[in-house]
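As structure tokens, here come the structures.
Two complexes come next, and they have one chain in common, chain A, joined by chain B in the first and chain C in the second.
On to the complex of A and B.
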């Protein structure tokens, strides 16, 4: 808590209010006081007396667009999230536990994947979840995979990984593990093709982003410590920790120290998105990529909010634009509205959809084959709201890659 | 003599500071037909320019037992009758390595003798209770200090006086006394806004003019020698401490840090100023340096905490000797019956004392006035709660949302309740317009501004600031001043006046920011001037004038 207390960045606020202009929630929900009010302004009152904590802070998406907009370097989003963790008296509901514990729910669901997937599509189930759990019935659930990525990796890939002299560690995250192992497989395919063996972390827990958002800081901190211990071992053995989810990446790099007071200074620079790692290798001439001649797609890239905060969209988009057959379109940078578990909640659903509306309209007007984005929850939201298929840039790259030729180039 | 019912009172009280407002209230409660006159706004003088410290009396215990005893009594009374103006924070008197630890026992003994609960605590416990405290402390004593909002307290007293039939005239300056022989029978008032003069009559006139009481007394033909001692203070951008911090040693410069509302205040300095300068106090760079240097010893984090502004007040001490520091002068109450003292019947001066003892000062002055008027009613100000602090059963209603006029309490409605107590129910929050904020830093809604305009004698933005905290927050008027000016212009129906008022207000804000204009404070002023000069063209308006 000390670190938190000493963060006086709220004092740098000169009340220019540009954060509120960029806040996706303020634009659609008059009940939300906006980042300036909820953040630096409210902080002075909360320091006076925690009684001034206001539950409307729960409307914050934690998108951090306020921080990106701030010219005075005020950690507005962190101030709001810290306040929620510190002062909120709301106890997480059963629903919040279920949504926040992505790995426990994922483990359960993958075991009974066909049953779970089928029932989550049934309207009686949806209406029951809506009534009992306040998970909005209009929300489409991501499908669970029958086999976890980790299981696949241990069965099919781990043996081949020893044939390399350079290695990376992979933090796959819950989504690649439980919902969409293909993303993990695509990652292994590309890294192997450019001459890197892939290792999993000694122990990987959910990054905890959903726990933080649902007020379960203590559990999030435990998981963060485990992840950082594993990352530390990987980094000490000389491998960077690569990821395929912008949110997990952002959480481990920035939310751990800022919100959970988990020190990561020794590993932070070595935790990065795979697209950044690959782009830098290609850009510096250390790696060459070759693509299939027949790959032809019209693809629009959506910048997830946390990608905007990381400032890394440039790596993913530059990599995509290296594929000769891609007709690339950059979408306007705006929040899709889901913000992880936020958009699943009944009380947030209408705002969630309203926030994403301009983005959905833009996508629908473009007639693209695919939307590319680095965040899985953006993917769910855009697929559900536009009907357009969304892929991670790593999957697109893997599909377009001429693996044999790439392997040959990087021998 | 031109007297009639409308312009004849039992008592005229001169001075809209806490003493005057308190005296007017006491008179009104005892059934006297009372008029309170103030040449400017309420709380313009020393009342609005101090620490806002609810003294336990501990500070005076060693040097002035009488003041200490008065303080602790009044402290306990104010906690009861002025609940919404007071914060019961408690305070620490800390001993640093450079101080003499043996003073602690002398201090505790003196406190105990004065009836002040003073308890030595372990330095470790002190650090736990108040994490901002200087970690090198070697001793700490806990006392029942607190903070009191002098603006709120004065407003509540003036309001209650009005609710009990008194009249309050702000911007009315006494330019002469009307005498019948030696007796003061009334005053000649100049309306400082319209420049009209009016004569008002009363059986008794009470001079509660604070440091200006010296001039007022002179006008009536009496000599009251005041000792103008300037005290400078700094306001920080947020609360770094939740307990009042004092040094456990003989009172010296800049050794009190008081948490008040959303901010905290370090002070004060003490220097003698010529009487001619009391209307124009400037804080010097040397004073700012001294305040910071000493302040950091109490709470080291002050070194990198944003400073909002600097201000200075003049202590209305009655000169008793030629003490150059002014600190050894008793802060005791001086109530002068000029009939017996100077052969001027109908005239009383109440002075000396301090914010903490205003109620007692009012009681003394009112007792004397009542005696002269043959009124036998007893003083009730120690029992009857001020408006906003009424009814015990509603105590803790801050935590009880049921009484809210707002459907869902937000920071704004909670802040308003803190400022106006139970009176906050009168603030309209029926619709989104009324709930929307004028001042974002201090959470003042349109409903609250309109309430202040309608009920609390607000003519201009500075009045509004004192009643509501508009413009007292981090941005010092950057966002709220033009919004508030818009509402005032709507209420007064004059846009040009509002524009003039806006310029005055921003200049007044700048006056306090100038001595500390570096870092964020400088950025803020720069940004404010871009908005008001660059975008709104307020400088062009000023040039035209």
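On to the complex of A and C.
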């Protein structure tokens, strides 16, 4: 496992500028120096003198598309994010705290969900947020659920989970917990149907992706340690840690060691998206899925940036294509522009929408029932910008699954 | 995970193979670790770099040459499909199989070419140059193109050349850092309204000439910017290749990949094939970096991993090897025989590559693998640079292997 502490990969840069070709930000924002200059080139100067650090690095989405394209294996995105964490003198604003602490905000909001949801839709509230907090007023907020997934699980599902002889652990993430517990429920439904009991981690904290993006490294590291301690216990007891968000997965597997110097070598291979886990079971013949005959939908798949970096889109898309009633379309792999909390910020909003424009156009031209994607922030962005409903592949599978027949096949 | 055909390497060869198979309904996967030789593309595909009819020279090649395995008749048939193949993805090409034309190099020389992208400068006969008087333009501060080289080269052919550099405020930011003034970065700026400004500047200097020649710094992600600029300038506009990275090459790579995916192919970029499992005389499956233990199985496999430059073959102190499966490689025994001290002589190592039978099936320890082929730059027996046959070998062996697989 490569540790980024003294990453020298910038020295491998051959100045070919291929990274810049594929950077979504340089295409729309002339203020951004681009991956080559912000990454390997800038790093040379910063190592000489931190004075050379430049706040325009905040424009980087951390999408890692530059890394995927680089022929020399330079960890460009990591270099840029590490530099932001190390050199940025900017203090996170109240807004950044609010956006970054998805779990604290989630807990508060869940308690007052109807009120919060209603007020986040009101234009006076939005304009207040815009002016006071610089959260762009054009942004639609994800709704909060009245009941957390964890609460639902403890009330309704936990008892049944002991009737299995194989188990998985579930890292649900903030989104399934606070905004969309249905995703967590769908996960439990599928795993149970294929013969696996579901356990929650002893202690789960937000993966910290938003903390990293907002420069709060210390807090991110604390949360990472807690998550990895829980994951370690789960893995030691013989269960893999499954997720339903590509971003949480990528953060825990790769950003923890690369950006936060949290060692995860012993558990990394056991942290994976549920679609990868399920696909491999089906592919190796250990599990069979049966789908409802009447499920008929035209669905396009969007590859989130971190999914592109993981290279794992193939698991989700292969599973979706197993559903007989699906008319499947693969969208061009390109950034939707939101990049977590990035697109919520007033200073980024126009760039965010401009980056996503080609994707939105493609979706609008296809006349699909649903867009499928493994990332919740892509979901908000695409729903807000195209009006098309977006679902996680796990939810689509759960809707299409013939539960009784699947249970019978995997007895 | 199972496919009909898996191609290792997603440059020109891998994509031509993948597209040809996906067109016929095959379920295809391409795994590609990084960018390809297309990022260095000159704008012209070369079949064979002689003057006149390339097929004449091809007929005289040694048996070990990939072209000799195809044979002249086959080459002729396959080569005539190529224009249509590329025009289907909006890459119009001009040229003919039986008569080379010439492209203008960044040094102002004329080099034989087979098919040239439509927007490039092209010369049919150096004795009758297509222009008498041209202006050679550059972008101020762009160091990967030298108007003086091009102008003096063309002057030798009797073309009267003036030169000029164009400066645009939109390029101010990237001009601050000389290493950012690369063709691709400039092309990212030269879009939409900026094209309007560019055309205005060009029209102001290109008055009393028959044609405008300029470096390929337009049209990175699609060809539209090229067409818009051509419409807006008042004289015929032709492009000349820059030093790498190549804007039209990257566009070609993007268009090919897009086409492959539209046909249902799966393209995994940024992933590397690490090993494979051979059972008997067949390759059963491969494994990649991103996917750990997962085995990708297929009926057929195609090796399109390029030459030394792309790590398709690797040199260690005393041998040259194929890093994924340890396939047989054709190379001269001792390291001292790999190079010729005279740098201008053909270098023996340029011909090193993976050994194949007459149907381009690979071998391991002398035994042919029945379901695995090699195509393009990874093959042995030719010197792409010296002979001027890189793209020809890549495209034609790929089309041929796709046909073999479909048999």
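Operating definition for what follows: the second predicted complex is superposed on the first by the 406 of 411 C-alpha atoms of A that agree within 3 Å, B and C clash if a C-alpha of one lies under 4 Å from a C-alpha of the other, contacts with A are read in each partner's own complex, and residues count from 1 in each chain.
Here is the rule we go by: a contact is a pair of C-beta atoms (placed from the backbone, for glycine too) under 8 Å apart; a residue touches a chain by one contact, two chains touch by 3 or more.
Everything numeric in this text was worked out from a predicted model, so none of it was measured.
Partners chain B and chain C, brought together by superposition on chain A, clash.
Looking at the shared chain after the overlay, A:8 reaches chain B, while chain C stays out of its contact range. In the overlay built on the shared chain, the residue A:44 is in contact with chain B alone; chain C does not reach it.
When the two structures are aligned on the shared chain, A:309 is found in touch with chain C, with no touch to chain B.
The partner of chain A that touches more of its residues, comparing chain B with chain C, is C.
Of the two partner chains placed by the overlay, chain B and chain C both lie in contact with A:17.
Contact with neither chain B nor chain C is seen for A:374 once the two complexes are overlaid on the shared chain.
Once the two complexes are laid over each other on the shared chain, residue contacts for A:186 go to neither chain B nor chain C.
By the touch criterion stated above, A:204 is placed in contact with neither chain B nor chain C.
Of the two partner chains, chain B is the only one touched by A:54; chain C is not. With the complexes overlaid on chain A C-alpha atoms, the stretch of chain C that clashes with chain B is 167-175, out of 167-175, 203-211, 275-283 or 365-373.
Shared contact residues of chain A, touching chain B in one structure and chain C in the other: 15-17, 30, 33, 36-37, 41, 72. By the touch criterion given at the top, residues 15-18, 20-21, 26-27, 30-31, 33-34, 36-37, 41, 67-72, 269, 279-280, 283, 308-312, 314, 317-318, 330, 332 of chain A touch chain C in their complex. Taken in their complex, chain C has these residues touching chain A: 1, 33-35, 39, 170, 173, 177, 179-180, 182, 184-185, 188-189, 220, 244-245, 250, 258, 261, 264, 266, 268-271, 288, 290-292, 294. Contacts from chain B toward chain A in the complex involve residues 131, 237-239, 259, 261-262, 304-306, 398-399, 410-411, 414-415, 432, 437, 440-441, 443, 473-475, 478-479, 520, 523-524, 527. Residues of chain A that touch chain B in their complex: 5, 8, 10-17, 30, 33, 36-37, 40-45, 47-48, 51-52, 54, 56, 72.
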